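After this come two complexes, each holding chain A, first together with chain B and then together with chain C.
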Partner chain A sequence: MSNKTFKIAVLIKQVPIPSKMRATKEGLMDRSVASMMNPYCKHALEAALELKDTIGEEKTEIWVISMGPPNFEQSLREALSMGADHAILLSDRKLAGSDTYATAKALGTLIQKLGVNFNIVFAGLQTIDGDTAHVGPQVAERLGIPHVSYVEKIDFKGDHVVVRRILEGGNITYKVPLPALLTITNTANKPRGPRLKYAIRAKNEEIKVYSVDDIGLTAEEVGSAGSPTLVYRVKNVTHDRPPCQFMEGETVEDKVNMLAEKLRELVEASKAEAVEA
Partner chain B sequence: MSTNEKKQRNEEEYEIVDRSKQGVEGVFIWGQMMPNNEPHDVTFELLGEGRKIADKLNTKLTAVLIGYNVKKWAQELIYRGADRVIVVDHEKLKTFAVLPYTQVIYDIIQKEKPEVFLFGATTFGRELAPRVAARVHTGLSADCTMFDVGDYVNRRKKLKFENVLYMVRPSFGESKLATILCPLNFPQMASARPGIFIPLKRDETRKGEIIDFTPEFSEKDFVVDVLDVNVGGGEQIDLKGAKIIVSGGRGVGEKGFDMLREFVKVLREKGYKAELGASRGAVEAGYISSKHQVGQTGTTVRPDVYIAIGISGAIQHLAGMKESKYIIAINKDHEAPIFSVATFGIVGDYQDVVPIMIEKVRKGEMVFPVTQ
Partner chain C sequence: MEDVSDYDVYVIGGGPAGSSAAWYLADQGINVALIDRGKPIGSKNVSGGVLWGHDLKVLDEEWWKKAPIERAIISKKIGLLTEDKAMLFDWDFEEWGHEPYVGFSILRAKFDRWLAKRAQEAGADIYEGIAVDKLWIEKGEVKGIVQAGDKFKSKAVIVADGANSRILINSGLLTKPFSQNDFYLGIKEVLTLPEETIEERFGLNSEEGTAFEFILGGLPKNIVAGGFLYTNKRSLSLGVVVDLDTLPLGIHSYDVFEYYKQHPKIKRLIKDAKEEEYAAHFVPKGGLHMMPPLFGNGYVVVGDAAALCFSNGLVINGNGPAIRSGIEAAKVVSEAIKIGDTSSKFLSKYATSLKSTYVLENLIRFKNVEKFKDNPRIYSTYTPFILNFSEKLLREENKPREHLVKLLKQELKEAGINSIKAAIDLSGVRYL
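Let's turn to the complex of A and B:
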């Protein structure tokens, strides 16, 4: 075992590239398309790396933890190339169809099973494919530790952190004892890119893969069977909005004139309607 | 016999499970208070939608009001649609903190056994609802934009569920609407996107019951301390009431916002109720105060005219403005997602476009389709 005393976990998810996002015929996210590390997870990882910089590289280790199909290795290796130390993937067909409740159960159980007493856990505020913001808080509940969502600033104070979370039109600052879980917003920091000095390790580091059996859960407790919610149906959004009309013209002035004309037509049409009514 | 007829006949033999008759009762909403000790708008929106759901289920609508010195709002929530208001008034609950609020709602759910529990998908609601759902071991559907009540047939278990809550949410990058059900667990929980549901008209003849509730706290509920709360103050911004919103993105820069302010000023001089909006990016870059922010973590707006200037159109921004009646987008990049929701688009540099627009408004050559 290492003598690194401060242990950080970062929950990472891989998501489809937005333009490739599509549903399978079962109404689930198609995970076979080109994908990338969820942008919010990058901010979570950056928060972890900044904390590592603050505390000192020799005292800190970062574990990146993910749940998903084998190709999620791509994002875990990317995290290693940015400076994470260990990568864990929970991967099993039995996990397919997990909702946020079942996902948090699996991830929480995995974290306990690892036997690493993490001082702090970071997660992205939300993923861009699910957009729920559920899994972070639900993992914290599983682990029985406090959490704060929407965190944009973290001050490390040894046995606690002082964090600022955004809210509509302002912010709140909390003092949070460790261990705790924080979900990080996309305005918290600017994620770094891969570092040359980690390139070899990122390529060679073994990614430890766990199955559902390995963490002591059964098929009934995870995946669709272990999920309280189900997707009943998925419909295309019908746009009652016609496609955008682009203003045309040789010069900017021409385009603005065309816009003024279009707006005038709308104003006159609504006046006419008012008269009829 | 056709396949459909067979299906129908099979279903007739299924055991019927009426979701509203399983020892659970009532539609509950979290009546969210803001740090200024006034309810968040979404509270009234949830009461409006909750009322509809409760009527469909033929049950009562209960609001849960948590905070300090909040009891004075209980009657107001009844005027806005609640049959019952459970008040949890405690000094230690003055500012939102997820652990004690989770415990309060958990205790209420254990005692009251609601059929449905709704939260606003605000930054507080999105922090609180998932923790509550995990504690009571039920499902949660996020950011819903539509609700209904209906049946659900589970062919594998040969069960037909009645009075199931349909929770509809945008998914796959807002391109699809998914209907989520939670047929086996209680309560059926969802968060509702702010600015979507319609509040009821305030009705002072509406009667209801106000109930005090004392939760059982333990020390571990208060391990997190609130150090500072910082909200707005100063200039009042009325994004929700504006008929025209002129909104700028990060790319506009500090100087650009001066130009946008001038635009708003000229619109106001012409008698339009205009307001200045901004994307999260612009707020974060420090160009403008967060009070102007439109989008999922800001204000959800639906003005008659939304003018998006140098806003690329992140999903979180679109979610907060795409219900606007007319959207005018000005952006250098003709592939910017903002154009996917725009009525009219101008591809170009805002520094060239906006001064001409301002001049035309000033001269009365550009008018806008706004309602009274």
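Let's turn to the complex of A and C:
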């Protein structure tokens, strides 16, 4: 196809704008509302673009891959205008209701079907609509490659990468052979904006759309039929604003002093608690 | 990348000026790109919220039937406020409520998106969330634009990036740098209120709207500031315009907004309304002294970027001149492209045609208006005086009354107003 030797795949999902998020009667996410590229996916794309900057534009090729309704084209075009080279959309009514298992099966199959030997696959840590963080790692299992989740730093070393994975209260550094799949945190980078050069190119770029048939799966293997997860019930959870204290005073000094006093009390209280424990 | 030429014209900025220009050019079959820093397009645009006049008729004979307008303005109120007093001139014009309407309240978030969409439907390509660095200039000629370091060739560029144009600044195209003194700061809130409440409170029928403008007197020192309030369908646009140069140390523009919002008169008008949106933006004072060159080899400047905003204290209009200048520029640019001459000489036709419209004519005719409207004594001395005096004049205390002239003299003396100075200041009315 091209002599670009280093091939990167980025998995991208489009999510409802948080303020517009709502569920359908069936308990599924309403995909008809105004939406945007999942923020974590943007970080994954940025990681890919930074890798492209490191290796060299002429040697690298970025494929953005998504699964969802036709309006996901919006995010794929956005990715192209940020600097991705190719965009692929897996779109089929049969995919509706897919859980993470079925989604990963579909995406994994699609990636294999593309016949591109990707050197590295990036995914966002999680989506902000599903919040499972399952799809990335499951796709890696499907592809039979290693994966590291929660990655916030990547050093490219040719045939392998050294990555920093964040943990609660610390981090671990891994040396990972390529190909591999990495899921990227929102602390990893600051996603760039679109660039006119790419945005103009993206206007006319064809977005290749694949159906379930195209990738050789059946309706039973994907969508709700192929999903072991059953949605039992969806509940709308509302909560009040967390308790919030305002520092009120005449001057800034008053307010700062009050705040300092408050913090001191809290520190003392937690010390006392620690002693008790 | 040097020889890439995807478009004949780049329009930088998706406000009323830029979108109107792009719409006109696309209608003429010109290959045009409209680029905006905001995403969605126009999301960084702010104005008080009335669109006066029908400059858009050139693009669509019945534009207002399709545009997301809020209410047709049928009444105008101009008033004076001091801390606890208010005085209002209140006009109702029934004919303003019928075709051809005079002005409409608009919400820019909706309106600008609609305008850009019309340009797109006409054939313009839209690029959102992209900030252009500057114009690409070689040997005094604008060759195109520069974005993220990449150069894009075009036949002409329309600069429409608004007040304090970064494009003109970065391209070194100002003959004299903008200064703080060239701008007011506008601060605005959109407050939601049910439709029926708005109509009941402001004495309006459905679809009808009103526009308030206030002189804010009685602020500390010599602060020059005005307030506005416009009715939308289900919200109010409330804001102040502050002359930053007159703000003393320690008093911020938002303090002025708070002063206005907490005024008992305003409090009654916005009772129970919920804050939905907060915005602030530079407003060019407008006028010839701050106007950058309107054209050059390969480019023209329109709207707020060209400081084509008009205010004389009684009327304030930025959207109208923006649209009109966008269209006038597009007419000339489209002609220039068709005959293949985008030289400064040819594009000077834009300035000439603008002079024949109200846009430049107003700025020329009212070139001294700031001597009156930016005179601090109007705000800090005369406004409080007029309100105090009229309060005494109108108060009935079951005591013998004074004659008007005698009371006036007494009050002038008490307020320490030098009548000669006042007479000179008052003669500034001739600039209006």
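The working rule: the second predicted complex is superposed on the first by the 237 of 277 C-alpha atoms of A that agree within 3 Å, B and C clash if a C-alpha of one lies under 4 Å from a C-alpha of the other, contacts with A are read in each partner's own complex, and residues count from 1 in each chain.
Simple rule for what comes next: a contact is a pair of C-beta atoms (placed from the backbone, for glycine too) under 8 Å apart; a residue touches a chain by one contact, two chains touch by 3 or more.
Note that this is a predicted model, so its numbers are computed, not measured.
Trainee: Residues of chain A touched by chain B versus by chain C: which partner has the larger set?
Mentor: Counting contacted residues of chain A, the larger count belongs to B.
Trainee: Give one of first, second, both or neither to describe whether A:195 is in contact with chain B, with chain C, with both, or with none.
Mentor: second
Trainee: For A:140, decide between first (touching chain B), second (touching chain C), both and neither.
Mentor: Touch status of A:140: first partner only.
Trainee: Tell me the contact category for A:203 with respect to chain B and chain C: first, second, both or neither.
Mentor: Only chain C; A:203 stays clear of chain B.
Trainee: Touching residues of chain C toward chain A in the complex: what are they?
Mentor: 1, 6, 33, 35, 125, 127-132, 147-148, 150, 152
Trainee: Within their complex, state which residues of chain A touch chain B.
Mentor: Within the complex, chain A contacts chain B at residues 18, 21-23, 27, 29, 99-101, 104, 128-138, 140-142, 146-150, 162, 165-177, 185, 187, 227-237, 241-242, 244-247, 252-253, 255-256, 259-260, 262-264, 266-267, 269-270.
Trainee: For chain B, which residues count as touching chain A in their complex?
Mentor: 34-35, 40, 95-99, 102, 122-124, 126-127, 129-131, 133-135, 137-143, 152, 166, 170-185, 223-232, 280, 284, 290-291, 293, 297-299, 315, 326, 328-329, 334, 339-348, 352-353, 356-357, 360, 365-369, 371
Trainee: Which bits of chain A are touching chain C when the two form their complex?
Mentor: The contact residues of chain A facing chain C are 81, 193-197, 199-200, 203.
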